[in-house]
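Look for chain A in each of the two complexes below; its partner is chain B in the first and chain C in the second.
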Partner chain A sequence: MKERLLKKDNVKALCVSASDQWETYVPLEGFGGDVQFTKLDNEKRELSLDKLNLNYEILTVPPKVTVFPQLESLFRFQDEKISETVKPKAPILLFGLRACDVKGILFTDDFFKRNFEDIYYLNRSMNKLLVIVGCKHPLENCFCTSTKTGPFLESGFDLQLVDIGNKCLVEIGSEKGQEFVSSYGKFFDEASKDDVECSKIAKRDAEEAVRLRLDFEEAIKKFCDDKVPREIYERIAERCIYCGGCLYVCPTCTCFNVFDDIKASSGGRYRNWDACVFAGYTREASGHNPRFEKWLRTSRRYEHKLKYDYLTTGTSGCVGCGRCLSSCPVNIGISQVIEEVSKR
Partner chain B sequence: MARVLTTCIYCGCGCGLYLESETCPERSRRDGMIVGSYPSRNHPVSKGALCVKGWNAYEFINKLDRLKAPLIKSNGGFEEVSWDIALEMVSRRLLKIKEKYGEEALGFLSSAKATNEENFLMMKLARAVFKTNNVDHCARLCHASTVVGLAATFGSGAMTNSINEFEDADLFLVTGSDTTEQHPLIGSRIINAVNDRGAGLIVVDPRKIELAKYATIYMAQDNGTDVAWINAMCNVIIKEGLYDKKYIEQRTENFEELKRTVEQYTPEYTEKITKIPRDLLVRAARLYAESKKAMIVYSMGITQHTTGVDNVKSLANLAMLTAHVGFASTGVNPLRGQNNVQGACDLGALPNVFSGYQQVTDDTARAKFEGMWKVKNLPSKPGLTVTEIFNEALKGNLKALYIMGENPVISDPDSNHIRKALEKLEFLAVNEIFLSDTAQYADVILPAGSFAEKDGTFTNTERRVERIRKAIEPVGQARPDWEILSEIARRCGYKGMDYSHPSQIMDEIAQLTPIYGGISYDRLDPFGLQWPCPSKEHPGTPYLHKDKFAKGKGSFLPCAYAAADELPDDEYNFVLSTGRIYWHWHTGTMSRRTSTLDREVPAGYVEINPKDAEKLKIKKGGRVKISSRRGEIETSAVVTEKVKEGSIFVPFHFSEAAANVLTNPAVDPVAKIPEYKVCAVKIEKI
Partner chain C sequence: MKNEYVPHPAIIESFQSESFDTKTFKVVFEDKALADSFDYKPGQFVQVSLLGVGEAPISITSSPSQKGFLELTIRAVGKLTRTIHELEPADKIYIRGPYGNSFPFEEVAGKDLYFIAGGIGLPPLRSVITSVFDRRGDFGKIKILYGAKTPYELCFKEELQSWKRMADTEVLLTVDEPDEGWKGNVGVVTTLWDKTDMAASCGAAFVCGPPVMIRFVIEKLLNSGFEDENIYITLERYMKCGIGKCGHCNIGEKFVCTDGPVFTYSQLKKFPDKERAIA
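Right after this comes the complex of A and B.
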């Protein structure tokens, strides 16, 4: 892999410059320390970048929201006239992602191409540059080393930044990444052997800092062999309050509902995030619901991530980000399920 | 794409949530669309989580059937008019009616969904401009009993402790609150405390609510027998010497009267009244008394009774008896329902008080408001409550009503009576975001901005005054309520409502309202302040009555048990209770326009016990007719063990199967809150 160096002092200027060509999303700190991926507004970008925070703990909603919004319109109509509201393709730069979130985006990219080409997603997503800023301080809910999705990746990114003090080692992971570094060459420096060595140490330190360790492979095996006791699902289902949060925040969740909003002879068709824990998700027109009991919905939720995704794509749907646990009002997380299943 | 941190529009938890907005370059600036809502990770209530309603709060805002232009009644329907015409009509008609019939013929219904600033302006409009105290709002229907009962016992009618204190409690006594349905982020904290920290849980509810499955002790009392079981707990605690003598001596008064009153409420006697087995009463009493950090948590099951005030006073007595007020993770915790019902009360949208609960009968208070508002002779007699307003309208005494963001046709008891009252009015004006069932009766409808379209503050149930922030411009020609109210005042010749931004309204509020004295917009970032916050340096108050009660000494105000107004008889042989569910919100104007929520529960229903269903040959999903002395509805049956035999439950969210067609408008004599939780009905399969 080719390497370059990016001094931290140059990061803001790089983002400003890049945002002339790319729709640039960076992690900005807002109220009370909440950090979210925000699109730089060309007019206010310098001011916004004062709030740039690459050392953030976690983005509450994963970056999938930039290419798969919570609500988007599919088409609008006025009398006989219909207009598809597909976003025009524009190059987007996602700067400052975590490894787990990149894995999430790669997963959703695959989903929206796999059985059909989802033009709404693909137009947003197909011309993008993924720049990882690797995790230095994994949180207590993180288990990316168990799912082999972080804190750094071997591939799948365009650029991967490793924090080594007042500078970052930049690993170039693709041709696109190379092009970017060449275009904005004035912000990048040569990486010395020393820098590379430091980056190896930084990566190792980050890996060791991940405290939650699970036997993920064992759990996947048991899921695929249908060896998960129903009692686990029942227990979770009873405690769950059905907020949908765990699935809304999951980097690999792609379910959506479609609805119309019509007034007289005009309106639109929209889609919005859906979640498979809801009863209405499979209720049939007759009123019958094959997954009416709560435990069946819970089992669907976990089997989707840990069995079906794996069997369909070869990768499980869990990227070890711990968001489901962080956003759960009743402290349920997939890590607990993985742990329990792997140990039984 | 833009993002603002705001506060959820739904319940009194007051979760911090972000709204994402998008403006389309092809569309006008007024065509902003909300495209997402998600939690604030660092907000003290949400902590990165939301309930399903918060997660879907983005959807209703841009629905095409939002009211976008002022409407006036015309030819059996409505006709769009300009703001100028609509506002002129409202101000002139109200002034004319005042001139002809007197100010007592006017009524103003404020909104527990609107901001603090807007509630302040509504009561200012009623009082300073129209010289009437006939201003009230839906707290009348929910926690009026709390405001009266806790003010009398403690000196302050608000939740004593804070939401995060639930995380450290040893015991919860949850009664009349289906917490996981109605306040999910509080119910969750109870679930976590019980399951992860071994906290105890006593649930007292005629219905086997979700929380009951975690309960250490679950007691299913008959509807409306709360004074009895609470007195019984006091009886046991006193008899077994489990009360805190020192605390009672130092901090309370009137203990002897409590002792005398509860003497007859032995567990055996109380079992006969409540149907709660006497052993459970004894165990519950001991558990509550012996737990150090014990929190009483209650809501409509306690307040919505003709004995609502007595129910609240009894809980207050129980808490004082055992020194469970004035310390962290203790207290008497009424869970306020609406996003801003606490604020609407705080800001004086009530007939008997100005903002800060300052009595209208108090000369000094009146003089202070007269000075600031530059008016003379503010009305000094308490005005009419919501329930009385509709009675007076029906009688023909109240001629005009101005309603902001409320839907009494669906939310008030005895809907047929409400409809007749509205029809009888000479003039009705409504500020609304959707054409609600109530707005259908209006002469003038003014399109209001939703919570996403204006700046302001809400006060959640733990007294946290927090910001809402404008994410998009008001849709179509809609305007924020504060602008509408100011315009009406101006057109009535009043010059004191000239604000360019809600923060100025808050500055005025702070000057007039001691408990909000230190509140200003520059102090509310990031997550607000809890009142009392009397000065600019004050950090806010997590829990009340520390060291002494708001009124000095807490007063034991013992009550005798009295049965509900209308109990079952031979003809109407079932008890009806009404309430709410998780997936929908109140009259459904927002939640039923949200696809995920609508999909979960698309229509109304009635919960009926399997034994009753069998006797009546009612099957799951079968259609039934429910009738009361007030009216009848048709709905679908859900057969469940959740309700006792002889009882049914109807959620009130569904206008086509409206629970309040059936309910009894009998009210608590002091609080004037209706008895939504008990009335007599009959059911038949159709």
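Right after this comes the complex of A and C.
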């Protein structure tokens, strides 16, 4: 499909206009400078958009949070009567995603569709439009070129924007993307040959700016062939404080806990993110715990991503975003594990 | 799309005490149509909950041929199960399911069947045993080897006696700590190997019990000549969803809740040791 052009001056107006039809999420700068994917509140949207930041380095919490919230209600109850809390399907627009995070969302989409369908997740996620704004300034912990998940994608997006100065080249990746560009045609312009050439240079520059390079395929092969010695996990276990932070910020983590909350005779059942590195994660009521030892939990944490996800789906569960390392209080990241395993 | 997380109310019709910490509850769905249509296979489980307390996976111990109700044998070990034990007939509990795979009937037709259970491991096997007796002619000899800590902790005491009277059926019991009245075998369940012929020319074994028991029983079965693919083990894991989403029951790339809970030994031995499929 033919490329279009979006002037940066038009971005806010486009988001405002789209948010009439779409539940629109954009990267907004919050207190302290953290950028979060935030839903545009229709009444305050112009004001909110003053905080729009499409040039952000990385979202602290991955945008999967828009479709898989950290805490969500499964149902409410009053006395013995249950009332459902599933949100109806709504069209959502995620504008300004990075490529690695789109890969993350596609991964969790596939997971929640597999076998039993998860209605809570799918009602949020199945009617969405994914708009990438490609990464220009990758962080030192990023390694998306090694995992082949960025800084730009070949497919999987609806629209992909390439920053070329005061405008963006718009690549159309799906029919839905094409429809969106047609519906909001007044915000888009024709792209010239020069614009397309500029976008190629911008993409190449972005790719070169990703400096951390890993032999990811070799690492995956070693993981799948069970060539990762226990000693690697034991060494990590000596330093890891088992806070679970790396998993809470991981774009492909889907594990959750379920708990009930009750006050007097009314309450609800909820689910919230959980992490497989916690000692209580596999502890049964009898006290039996198959994965109590720290190195076993560490092994699980890495092998789930780099072996079992790959064996199940043909894609690893790592998108190379580097968040696990950036957020780790004791400087452990999956990139270090990948590097060590691939070089052994 | 079905909402798998919302459970259905069911009424406790009656219960029977099996031991000081174990009761078998007979429950009936409040919704008559659901009660009549609810179908399951031996080896499957349901997610049982109380609103405001929590939810846990419990295996179905009744047999699919018994329509209109479910039997759930529950040991009071955690917050939810202790609260369930305080319930009386006419009280409400919440159920969703059934989930998981089941013990394969077709594949073991014509074979001698060996059931080996420890403690609270008999309830999941009882569903299979009852179903096997429903179709007694389809199978060879039946041996049931069951062990518990004390005579008091043996579940289904009356049924164990009635199973003994079935054609071509042997029931062997053992306890770790006998009381004065106990005349049977003393020792762990594997000590029953000396009491009967376990040569398994064409046998299939069904195993359920605590992890350490499973490990020793498999060793014994293999020594007796059972084939890896004829040893069926039902596993227990901490679970939150029962539908392959919450991740807690993961072993390797499998989910105990959807790929299991029943695995053959040939499947189990493929898991790396560190996944602790059998601890």
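The definition used in the following text is that the second predicted complex is superposed on the first by the 339 of 344 C-alpha atoms of A that agree within 3 Å, B and C clash if a C-alpha of one lies under 4 Å from a C-alpha of the other, contacts with A are read in each partner's own complex, and residues count from 1 in each chain.
Note that contacts are C-beta pairs under 8 Å (C-beta built on N, C-alpha and C of every residue); 3 or more make two chains touch, one makes a residue touch a chain.
This structure is a prediction, so every number in the text was calculated from the model and none was measured.
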Exercise. Given the superposition on chain A, are chain B and chain C in a clash or a fit?
Worked result: fit
For this session: With the two complexes superposed on chain A, say which partner A:R239 touches: chain B (first), chain C (second), both, or neither.
Result: first
For this session: Kindly classify A:F75 by the partners it touches after superposition: chain B alone (first), chain C alone (second), both, or neither?
Result: second
Exercise. Should A:T60 be classified as contacting the first partner (chain B), the second (chain C), both, or neither?
Worked result: first
Seminar exercise, completed: Note, angle between chain B and chain C viewed from the Cα centre of chain A, nearest 10 degrees, works out at 80
For this session: Using the touch definition from the top, say if A:F259 reaches chain B (first), chain C (second), both or neither.
Result: both
For this session: Figure out whether A:D274 sits in contact with chain B (first) or chain C (second), or with both, or with neither.
Result: both
Exercise. Looking at the overlay, what does A:T312 touch: chain B (first), chain C (second), both, or neither?
Worked result: second
Problem set entry | chain B versus chain C as contact partner of A:H288, first or second or both or neither | second
Problem set entry | Touching partner for A:I201 - first (chain B), second (chain C), both, neither | neither
For this session: Tell me which partner A:A90 touches in the superposition: chain B (first), chain C (second), both or neither.
Result: neither
For this session: Superposed on chain A, how close does chain B come to chain C by Cα atoms? Whole Å, please.
Result: 9
Seminar exercise, completed: Going through chain A, the residues touched by chain B and also by chain C turn out to be 257, 259, 261-262, 267, 274, 283
Exercise. Hey, which residues of chain C end up touching chain A in the complex?
Worked result: 1-7, 9, 49, 51-56, 77-81, 92, 94, 210-211, 236-238, 240-241, 243-248, 250, 252-253, 258, 272, 274-276, 279
For this session: Under the touch definition given earlier, write down the residues of chain B that touch chain A in their complex.
Result: 1, 3, 5, 16, 18, 20, 33-43, 48-52, 55-56, 58-59, 62-65, 180, 184-185, 187-189, 191-192, 195-196, 213, 525-527, 582, 595-596, 599-600, 621
For this session: Spell out the residues on chain A that touch chain C in their complex, using ranges where they run on.
Result: 74-75, 77, 80, 82, 84, 86, 111-112, 114-120, 122-123, 226, 230, 254-262, 267, 269, 271, 274, 276, 281-286, 288, 290-291, 296, 299-300, 304, 307-309, 311-312
Seminar exercise, completed: Given the complex, residues on chain A that touch chain B span 30-34, 36, 38-39, 57-58, 60-61, 65, 69-72, 238-239, 241-245, 248-249, 257, 259, 261-263, 266-267, 272, 274, 278-280, 283, 287, 326-331
